[in-house]
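Down below are the structures I want you to see.
What follows is a pair of complexes built around chain A, which joins chain B in one and chain C in the other.
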Partner chain A sequence: MESAQEIAARFAAKKGNPVLDLYPASKLMFVLCMLVASICSPHWCFGFIVFIVCGILTAFAGELKGFLKGMRIILILFVGLLTVVRAFFYTGDNLHYFLQLGSFHMSWEGVAVGLGMGSIVLSVTSPLLMTTKTATVEDIVIALEHMGLSPTASFLVLSTFQMVPELNARSAVIQDSQKSRSIEVEGNLLVRAKAFFPMITPLVLSSFASTEEKSVALESRGFNYKCSKTRIRVITDTPAQKRGRILMGILTGIFCVVGGYFKWFA
Partner chain B sequence: MSDKPKKKLEMITVALIPFAVAINFVGYFLASSLKLPMYLDSIGTYIVAATCGWLPGLITGILTGVLEGVSYPPSMAYAINCAACGVVIGLLASKGWMKKFLPALGVGLVVTLTSVLISTPITAFLFGGITETGNSVIAIALQAAGFGLIPAVIVSTVLTEALDKVLVAIVAFFIIKAISDRFLSKLPLGHLYLKKSVVQASEDDD
Partner chain C sequence: MVCVELKDVSYRYPTGEKKALKHINLQISKGEFVAVIGKNGSGKTSLCNAIRGFIPHFYKGELTGEIYLNGKNVLESSISDLTLDAGYVFQNPFSQTSGTKETVFEEIGYGLECIGMDRMQIIEKVCNIIQTLQIEHLAYKSPISLSGGQRQRVSLASIIVMEPEVLIIDEPTSQLDPKGTEDVFEIIHKLKNMGKTVILVEHKIDLIAEFAERVVFMDKGKIILDGPAREVLTSPILEEYNCTMPQYAILGREMMRRGYPLQSVPITLQEAKEAVKPYIRTEE
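Here is the complex of A and B:
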């Protein structure tokens, strides 16, 4: 008969890749550290360094394409456009202008402010996107449960992720059936707006029945029963990763103190 | 006897929240596919907050923001905005504001004000007035016309949020009206929306 360890080993969610198999709490700690460090960083290049590091880690996990696709709009909007807008509209004394378009002037100080804001956005979004690309929602939720998240909260998160594509598919079916009932979906704004209500209402009302069934199913399976829960998916934290997270926190703290001094006081 | 019929607690609210988050997304996708100039992405939050209370509304708002942030991380910053709107809707609904049409419009206006107050600092200080929606264009145009960053973001947010939130309030009002009494009786605030004949019948039975 299999021992508990052998059963756990069979269901262990290992993929054989060091980045993919990293415990989700380590990735979340990385996100938190980058958020805090980016605020205290004295130079705008910090965010770009974080972006490159996350890109390398994601490439190592074989998810670079998805990562770059997700970062593309962020790079265009929050780095490119933000820098240009701040460069044109930044006001202050003794600005050094380098470009004039009509009555608008672009200053180096504005560029630096724009890049600084873009850097903070990059510092947070890069690790976040890396985490979502290299860890499944189930693993992240299990890790949060190990840290004390309630099973109800876990159910809410997992059920939400499952329900969105399900309801989208149902919505497409309802759209087609309403179109076949001569609901106009093309034309002027009023015609299109009128089509919205008959498309959303059947979806909402038909879903209430499944909501009721789900609540009965949860109760009948003892969801609210106060006991330790078992799970079929196993992820393991290692002592090395625990030490790594503590070290990450300490290094971030030191960076924040030193960087903050140079940013605000020096 | 109390004028509130008995209601099933907790589990049905827990089961309703993920569905409400999904409805928020479906509303947004439907509005995009119909090429409407609004988001319509808070219908689920309105329904849950109005029928179950401020806490489920808060949770729905947070989950919506988190889920949006999975594919587009900057959206996660607005989770607090969605959560605050859920709280406001729940609190107003518990006072009966979603029972009639005109007060429901009022809920939409109050939620607009809440959304403007909370999302403006996020958009202005965290993202420099830039978002992935058309708000950016309006904000940039206003800044070019001489407006400061904060006033430009406030004006652009009011222009887009006012119509959106009021319309969503109207849609949610009519959807709640269409929910069966059988289901409403199980929800924490469902007794507010029961048809008069049902309430009268339960009182007569006593």
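Here is the complex of A and C:
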């Protein structure tokens, strides 16, 4: 077993990588700024620039593969499909058509509107995915706790995230036991639909049953003990990052004023 | 010094027709290792819940009598107030984990985080307990990925680490193999030697005979027998209630019935060896 000092360092969340070691609040601030800026951005290319920047930062953290895997669905489903749909169905005067498929026409103006909407989606999802790939949920929640989130609320967030694998494991057990009772749970869509209730009912009921014991177990471990809570895992903010967040906010404000003027008034 | 005291305690669950506990009077002194035995539904877990304060603070219902834990009136203290007085290891280890921690190390330290202990102190305490329970190989695993037996050890560790005065342990070996079961009993024995008061609910009667110094036998919410382990575990009353005796006690009683003049009925392996020794013919 490592020494207490080594273990303390292990849970200090410092990994020697500037992106991974960035305080989660700074990453969340980046998400927020990009969301606001994308709304005020006059050009559709903004979201794509954010996507590329996030890709570079994630690559720097060694998480590019996971990032691209996550973004692939968003790029195809939301950006690609949205652009195609908007390009075909956009209506207005003096449209410039460049493609005709039967009675449908594709216009440049529709493509621009579609890309604009896709840009907003990219501006939000890229930094968000970057944040989740480069910070653990617990780190994000600790940062939120530092910002005033109550321990009860942070517990709810964390347990919700951990509940998914727990429920998966439990549903696998239920599925096996239902199979052993000759209930078909695998096959075509109809078979699976029929198996839904025999699967979901015990899952929900067992979750309710375990909640009672879980809550009493937590209570006995001092969940409501009146004191300020401590944590083994620590994350530290730095004055430079605090200044960085303020600067990010100011720059976003300026960008929104200028961008908003060109987008809506010019 | 008495650290657990129940005075004429009776309790009925909100949806229960019969009382789960009936006129319980019990005193447990500091440092005692008390095993609670009895059939399923005899009131063992309800007794533990009452001592820890889950009854009546969490499980409502009809409770009469008085309960004291470390001199604190349980009925007037909240469950959190009693955190450092009594730790409770649940029968189902899957309910014991917080469900918020990514590693076993953090999971074990969760209770200490809740009571606001200094970070370095938590780390040192968790390290010690991990070494004591020999679960170093689990330290950085996700609690979700553990098997039932591994979770049971982690649950035990997460309570022991808080160093409560009284440890209430409800069937801690239900998901363990024989070796794991013996290991857990060794740990509990160590805790007893450290001066902790241990209240253990368990069905493995042979291990109780080996380790416990006092046994409480319950049936239908009542305490039927309460006394030194030897007295209770060799009492013919156990048979009247269809409760199994330790196998060495059964052997000893059978030998006595057949005319072997044993000084006392053995209840442990060592005692059985000693008792049988004079009657074994060796080639020498």
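FYI, the second predicted complex is superposed on the first by the 246 of 266 C-alpha atoms of A that agree within 3 Å, B and C clash if a C-alpha of one lies under 4 Å from a C-alpha of the other, contacts with A are read in each partner's own complex, and residues count from 1 in each chain.
The rule is simple: a residue touches a chain if its C-beta (ideal position, glycine included) is under 8 Å from a C-beta of that chain, and two chains touch if they have at least 3 such contacts.
Quick caveat: nothing in here was measured; it's all calculated off a predicted structure.
In the superposition on chain A, contact is made by A:136 with chain C only, not with chain B.
When both complexes are overlaid on chain A, the residue A:247 reaches neither chain B nor chain C. Look at A:89: by the touch rule set out above, it reaches chain B but stays clear of chain C.
Between chain B and chain C, the partner in contact with more residues of chain A is B. Of the two partner chains, neither chain B nor chain C is touched by A:45. In the overlay built on the shared chain, the residue A:56 is in contact with neither chain B nor chain C.
When the two structures are aligned on the shared chain, A:163 is found in touch with chain B and with chain C. When the two structures are aligned on the shared chain, A:155 is found in touch with chain B and with chain C. Looking at the shared chain after the overlay, A:218 reaches both chain B and chain C. By the document's definition of touching, neither partner reaches A:258: not chain B, not chain C. Residues 155, 159, 162-163, 166, 210, 214-215, 218-219, 223-224 of chain A are contacted both by chain B in one complex and by chain C in the other.
Interface residues of chain A, counted against chain C in their complex, comprise 1, 4, 7-8, 11, 136, 138, 155, 158-159, 162-163, 165-166, 169, 210, 213-234. Taken together, the chain C residues at the contact with chain A in this complex read 52, 54, 58, 78-80, 83-84, 87-88, 90, 92, 94-96, 98-102, 105-106, 109-120, 122-124, 126-127, 130-131, 136, 139, 144, 158-159, 162.
Interface of chain A with chain B (complex): residues 70, 73-74, 77-78, 81-82, 85-86, 88-89, 104, 114, 117, 120-121, 124-125, 128-129, 132, 137, 152, 155-157, 159-164, 166-168, 171, 175, 185, 189, 192-193, 195-197, 199-201, 203-205, 207-208, 210-212, 214-215, 218-219, 223-224.
Those residues of chain B whose C-beta lies close enough to touch chain A in the complex are 8, 10-12, 14-19, 21-23, 25-27, 29-31, 33-37, 40, 43, 47, 59, 63, 66-67, 69-74, 76, 126-132, 136, 140, 143-144, 149, 171, 174-175, 178-180, 183, 186.
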